[in-house]
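What follows is a set of notes on a single structure, which appears directly below.
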């Protein structure tokens, strides 16, 4: 909890929720993405459609799930479909507006590593792996990345490319035949970055309340581009924080 | 109705039903095949599993369906699955023991035409087409063909090859990569033919009661091979005829 | 979100001359009401796509809507020929009909590929049949791992997909049960989709065997009670097997066919 | 027909050293009881196949059952690492673990291809990722109609497929509802299959959202009440989220892990 009365997790989650407009169809993973999408659904975007990779479409959980397959996701869904179908007909079919992704590392073009730290064959840290991310990154109309920002996570060179953002720059997604649009925003605990429309390089567009620009630069493993019109993130509203904290309490109560 | 007290349709249907042993999984089309499979189920093979291409698995209809998608097939089924699944997971998956097929023409190697009489582009008669047959013929472990026998149906040369029996002879199915075993019996209104184990040519193995061998030869568009141990088909039993007639009555009552 | 509209409007907004149109429903839930509305709106040069053309395409072909048909089995199930289909192919009446012919397995996979946004699907099928030479949307393909030869079929993505269903709620979420056929695939494979329903209800009660198409995956929903007759709607009414049998005589001659269509389809705008 | 047998017998008859084994269940219905029985029977050199290895494979890897793993996401959902999986990959304890790594979409399609008896499936996926270079069961493939480049994944046909389900009847017909994941695919893709169930009942009541696997498509059925715990069985018991969180501490060190396994798995033969 910062002196502002909210934690860096909270400002990230609220910033992510705000990116969702109503009636958006979101493919959500567990953790911050699921929290952010449910926060949007319970505040400004009540008709947000949540799709979980376990096959639940239109889930409306009252409590936050710990896994992407909790029973409540199925009980409150409009439809539950087999896993091959969720990936083929719904994600690859081009019906997902927004995919939320996290990662262990990100590079300046929004490519993601969720596979290993170190060498693939002899890793220092074996991470969980790509899961649903490679195809979400390729196929969702728009991708929102949520990741803590530091020299360890914002790296010059990924140890493994698990999912593609903009590859090596403009035109790469098109060359790779990707049907989705790529990352439109990267939300961190320090601020919010958007790809430059021309170069596709991530550019700091918002800085969270109480964060210094130097701190953001020092937390980035490459020379950070900063938008000319850099502004401060609007702090979480009281109502957003209340709903978010109620949501998180349901998760802790269930454990 | 012949002087024997049963019609040629009845002897065909009973002969087909007898080919089914209990617990056989049958992929059935409408008409004689469906009647024969249901007759088997209601007489000597109560655990015959009926699979219809509309996606019903384990249907146990009390009345004969007119179409392969009648409501009763779904109501009495163990499972109802989408049509892509019935063809991919169940038929192509190698789970069908017996496929029943009819046709407008058959050749000496059990290849079938259900597409056109005459030239494909300017047909004399446009028939319905292959439907489920091409893949049933390729993939069922065993195929039973039911067809009336005459110079028009037992032809030297098919006008169109809609489904493959033994192609041009031994080894063809293997060369074509077919997972199923091919036709093991062809049941007609005159008798019953089986492929020769070596040459794969259809060979008359049984002749129905009251039918003369010359009549069968004259009803065949090629020089007919006859088994050394040709025997007469055992006439339909009273019980078989009773159940068959009750079944057919349900079809007429429903119309 | 799916718009809830009148059938007349839905057809006039979604279907245009020259479109490729799939009216699906595997024996069950055949969208006759929508097909009849297409006939009444005198749409022309359609490419009609359906695994089993059934009576509905016999009627649309005889009424002159079709230029081309993509199909796998064109008969009157358990009865015999589709006479209007035959007359078009054999005699070019009322107009010649181009055919693109597949097997059921191929059509089902083409729909699934279309719904999956991939340009083709792979199956073991067609090999050894003359369809391999006759049909352009078929090609041999070799497995990159085993070298085995299989068959590729090109995806189907109709301009318009039309199905009938039991129910929708007021949001346009659609519920289908009983034989579900390729209803989901065709809605998802098509650029635009129309679902006619027996009734619009306040809430979709869960049903054993039911699937739900969310409203945001459907373009338009129109109420059309008995809209599948003489096919059926599981839980609402049975298949009218008698009509399927009577159709043989009605459709055999051009005159009796035209008379029947005039009386039962053309004269019934909005009154079905 | 499926044999109704005791779990111990089913595992000892169906699973052998060196087999490829898939214990599936996407978060829901994970077959923990069967996995524990495999551990108790000290099976070795298994190739473990699962989209999300989850705690069950963490346990089996730590217990020394595995030589190889085919997977797409190896974490403790919502909690963090699978420490036994990491220890095997990073330090080779208790034995080195070979990996064959895919994405979820790829694994799901590999199962579907296996169930469909075709040697590969096609998807848009993997392109631009380093998995393309690392994984041998991936290959580029071009569409024979459009020339587009897509990705082929080879089919998965495990020696043994194991899933948990809510119910079976006395014939061995199996009923599953809630999140159905890839349960059907893995049973149909495998040479031999074992379904553990919460209970055997006289008759399967139809349930909204339920699928049924007919007895003749399953090799063996074994009753294993609470056999998915700490995963869950929809309609029977909830996911034990607390256990998933506690597993982080239990599994972090080799000693505490081994102690836990000795007490909760090895010592419980037949008493689970």
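We just call them A, B, C and D in the order they show up, numbering each chain from 1.
The criterion applied here is as follows: a residue touches a chain if its C-beta (ideal position, glycine included) is under 8 Å from a C-beta of that chain, and two chains touch if they have at least 3 such contacts.
Since the model is a prediction, treat every value here as computed from it, not as a measurement.
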When B-C and B-D are ranked by contacting C-beta pairs, first comes B-C
Maximum distance between Cα centroids and subunit A occurs for chain B
Chain-centre distance (mean CA atoms) for subunit A and subunit D, in whole Å, is 28
Taking each chain's mean CA coordinate, subunit B and subunit D are separated, in whole Å, by 40
Touching two or more other chains in subunit A are residues 88, 92, 179
Each of the following residues of subunit C touches two or more other chains, namely 112, 116-118, 123-124, 148, 150, 184-185, 209
Among line, ring, star, complete and other, the chain contact graph is other
One finds touching chains in the pairs A-C, A-D, B-C, B-D, C-D
In the complex, subunit C touches subunit B at residues 26-28, 51-52, 71-75, 77-79, 81-82, 85-86, 89-90, 101-105, 108-109, 111-112, 123-131, 134, 148-150, 178-182, 184-185, 209, 232, 234, 238-239, 241-242, 244-245
Per the touch rule above, subunit B residues touching subunit C in the complex are 30-31, 53-56, 65-71, 73-75, 80, 82-84, 87-88, 91-92, 115, 120, 123-135, 138-139, 160-164, 167, 172, 176-179, 254-255
Note: in the complex, subunit C contacts subunit D through residues 116-124, 137, 139-141, 143-146, 148, 150, 152, 154, 206-210
Seen from subunit D, its contact residues with subunit B in the complex are 1, 112, 115-118, 173, 184-185, 188, 211-214, 216-217
As the complex stands, subunit A meets subunit C at residues 23, 25, 49, 57-58, 78-79, 88-89, 92-95, 179
